[in-house]
Structures are given as structure tokens and as C-alpha cells.
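Each chain gets a letter, A, B and C, in the order it is written, and its residues are counted from 1.
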Amino acid sequence: MGNYAKLIIKSQTDNLGLARITAASFAAQLDFTVSEIEELKVAISEAVSNAIVHGYQEENGEIEISMELSHNQLIIVVVDEGVGMANPKEAFKASYTTTDERMGLGLTFINSFMDKVEIDSKVEVGTKIKMIKSPEQIKKQIN
Amino acid sequence: MGNYAKLIIKSQTDNLGLARITAASFAAQLDFTVSEIEELKVAISEAVSNAIVHGYQEENGEIEISMELSHNQLIIVVVDEGVGMANPKEAFKASYTTTDERMGLGLTFINSFMDKVEIDSKVEVGTKIKMIKSPEQIKKQIN
Amino acid sequence: IGEIKRHLRDNNPIRVSRSLRDTAYKALQMKEEIESKNSEEVNLTEVAKEIGIPREEIIHALDAIQDPISLFEPIYN
């Protein structure tokens, strides 16, 4: 197995920056461009803020962010043990949101910035979102 | 309890920068000055590289870095499950080292940059180093 | 003056210190420079090598000079 790291944070908005910087620093081991790193940071922010706002509904909880490198791929998994979702597929729809004042674009952005996204969620158990991205440069070399 | 976070990394020199930046971002929640943050980063680097070089002797292993805020104090604990030490007190002596090519100043730096340092170590079990630091600014206000 | 100082302190946490700004500025300048030569997007590792600053430090610096992403209106541009 390649390099990996895991960050566990309290479910607090304060910790968004921490999650973003840690994931981006880990990602920097691959040859990502500066803008790919920015995309990654947006994806992490959205996934972690979903865990804080929706998963734990701003209550106390822990969020686990696992990072792994495997064959020039970055694999990031964000897990919460919050309220979960009955139908995670639906959450991917653009502008789908269960919170009035929000825009429902978080998952849409995650989807467009990452190569592959999988959600696994169960009501009252929690949510796991797995996101994969490789540097564009590598993808070009392979093709 | 105040905010906390935990980072788990593979015992690889590649991950030193990750540990340093994660700890620095976490620490930024307190009013540390730029040079205090730099001091902190040196202390983390020394503790984590000791775990990699001495604890795991460059072999595979995991290092856990726990960070906690409590009453304006930053508490950082670095744990390895490596070879451990028979006499951790001795390790604090300036220029004490068990590796020829090293300078034996890591723990001396940690000691001078942090307010309080405790080592707990057991041969063949591992080593735990706890480091505490508060912003100078806060200490002045209290006195 | 006390109030201005407090305002500056409250709005300029450690994350946007002078040294972080300098690092971010150097990184962005080098990025532009390499990209104008190669007309291709440069990766972070190259920028880090050119300016002799570790990648993680550049990430921290670039993150610090951005406006914090709001939970309700994240930056989408």
C-alpha cells in the first residue's frame, strides 16, 4: 500500500481549514497543478461541511478524513456518524437540499472536481463519501 | 473539553511536512505569534522525526499526533509504538544521541521551545512525548 | 488607535502573517513565470522546487490569503 494518513476532527466549522490544508498537503505528494489542488480543497470543504451541518446538525461529533495514495490516485474518504440519508443518490442532484438557506451545490461541485465519487449512507448510522482524483498530467501520459 | 484533532501518519520522512502544517493550522486557533508558530513547527518536526528515525528505525509503523486546546493551552502528544527507551530522562541531555551521525539536539530544542515537555517511554512498547505551549501574550495578561 | 489595532488583530489572525503572504506571493509569481514559458499548467512540486519552499508551506500560505470559504456561499468561480 502507498502512503496514507488519517485526520480526525471535532465537528466544528473552525476545523474546516484544518481539514482542507491537511488534505491538500497530503495530496501534494502527487503531481497536481495548483488549480487541481484548489479543486480538491473545495471538494474537501464541501464534504466536511456537509458532515458538520447535515450529518451532525451542528451538534458534537467526530469526522474522520482518510487519505491514501495508490497508483498515482489520491483517495479521500470522509466519514461521519451523523443522521445519514435515506436516499443518497438524490443528494447528488444539482440544487437538491434539505436546508432552506442552502444552495444544494456541494455534492455537484464535488462530483465535477473529483474523478470519481461514491456515497454510502444509512439513516441514523452515518455517511461515508469516497472521492478519487488523479493529476491531469498523469492521465494524459497514460492515454 | 476544548477543540481537538488527531492525525495518524505512516512513519515516513515524506510525512514530516504534513505533520508540521497540520499542527500549525490547529495551533492558529490560539493567539500565537508567527515566531511561536515557527517554534512549534520545529518541536513537532523533531518529535515526529525521532519517532521515524529512532522509534521505528526507518521501518514501517504508525505515528499518532494528538492536538488539543484547553484553557488557552495547546497540548500536543506524539506517540509511536517503536523500540522505546530504557532511560528517557537521559535523552533530554544536550548532545545525547544514540546515532553517530546525529547531533542529539532534537529534545533540547523541544524543551526550549515548549513550555512543558513530558516523555513516557518503555523498551519495546514505544514512546509518548507530550508538549504544552501557551501564547506569550496570554501568559503576560495573566501575570 | 486601540480600536484600530484590535480590529486589525481580529481580522488578521496568524494565518495571514507577513511571512505567509510573502510565501504565497513568491509561489504565485513563480507559477505565472513558468506557465508563461511553457504555456502549460505547472504543478505545485515544480513551483516548490523553483522557489525552494516546501510544498506544504506553499499550500498553507495560499490557503491563508484566500477569503475563508463561507458555509453558505462557498466560492464557486
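Quick notes
The rule is simple: a contact is a pair of C-beta atoms (placed from the backbone, for glycine too) under 8 Å apart; a residue touches a chain by one contact, two chains touch by 3 or more.
Predicted, not measured: the structure shown is a model, and the values here were computed from it.
Arrangement of the chains shown, judged by which pairs touch: all-to-all, with no pair of chains left without contact.
The chain pair sharing the most C-beta contacts is A-C.
Chain C has its Cα centroid 26 Å from the Cα centroid of chain B.
If you average the CA atoms of chain A and of chain C, the two centres end up 22 Å from each other.
Annotation for chain B: residues touching 2 or more other chains are 17-18, 21, 25. Touching two or more other chains at once are residues 15, 55-56, 59-60 of chain C. Residue ranges on chain A touching chain C, taken from their complex, read 13, 16-17, 20-21, 24-25, 28, 31-35, 37, 41-42, 45-46, 49, 52-53, 101-103, 105-106, 109, 135-137. The touching residues of chain B, counted against chain A in their complex, run 3-10, 12, 14-15, 17-18, 21-22, 25-26, 29.
By the touch rule above, chain C contacts chain B in their complex via residues 13-15, 17-19, 54-57, 59-60. Contact residues on chain C toward chain A in their complex (touch as defined above): 15, 27, 31, 41-45, 47-48, 55-56, 59-60, 62-63, 68-69, 71-76.
Partner chain C is touched in their complex by these residues of chain B: 17-18, 20-21, 24-25, 28, 31-34, 37.
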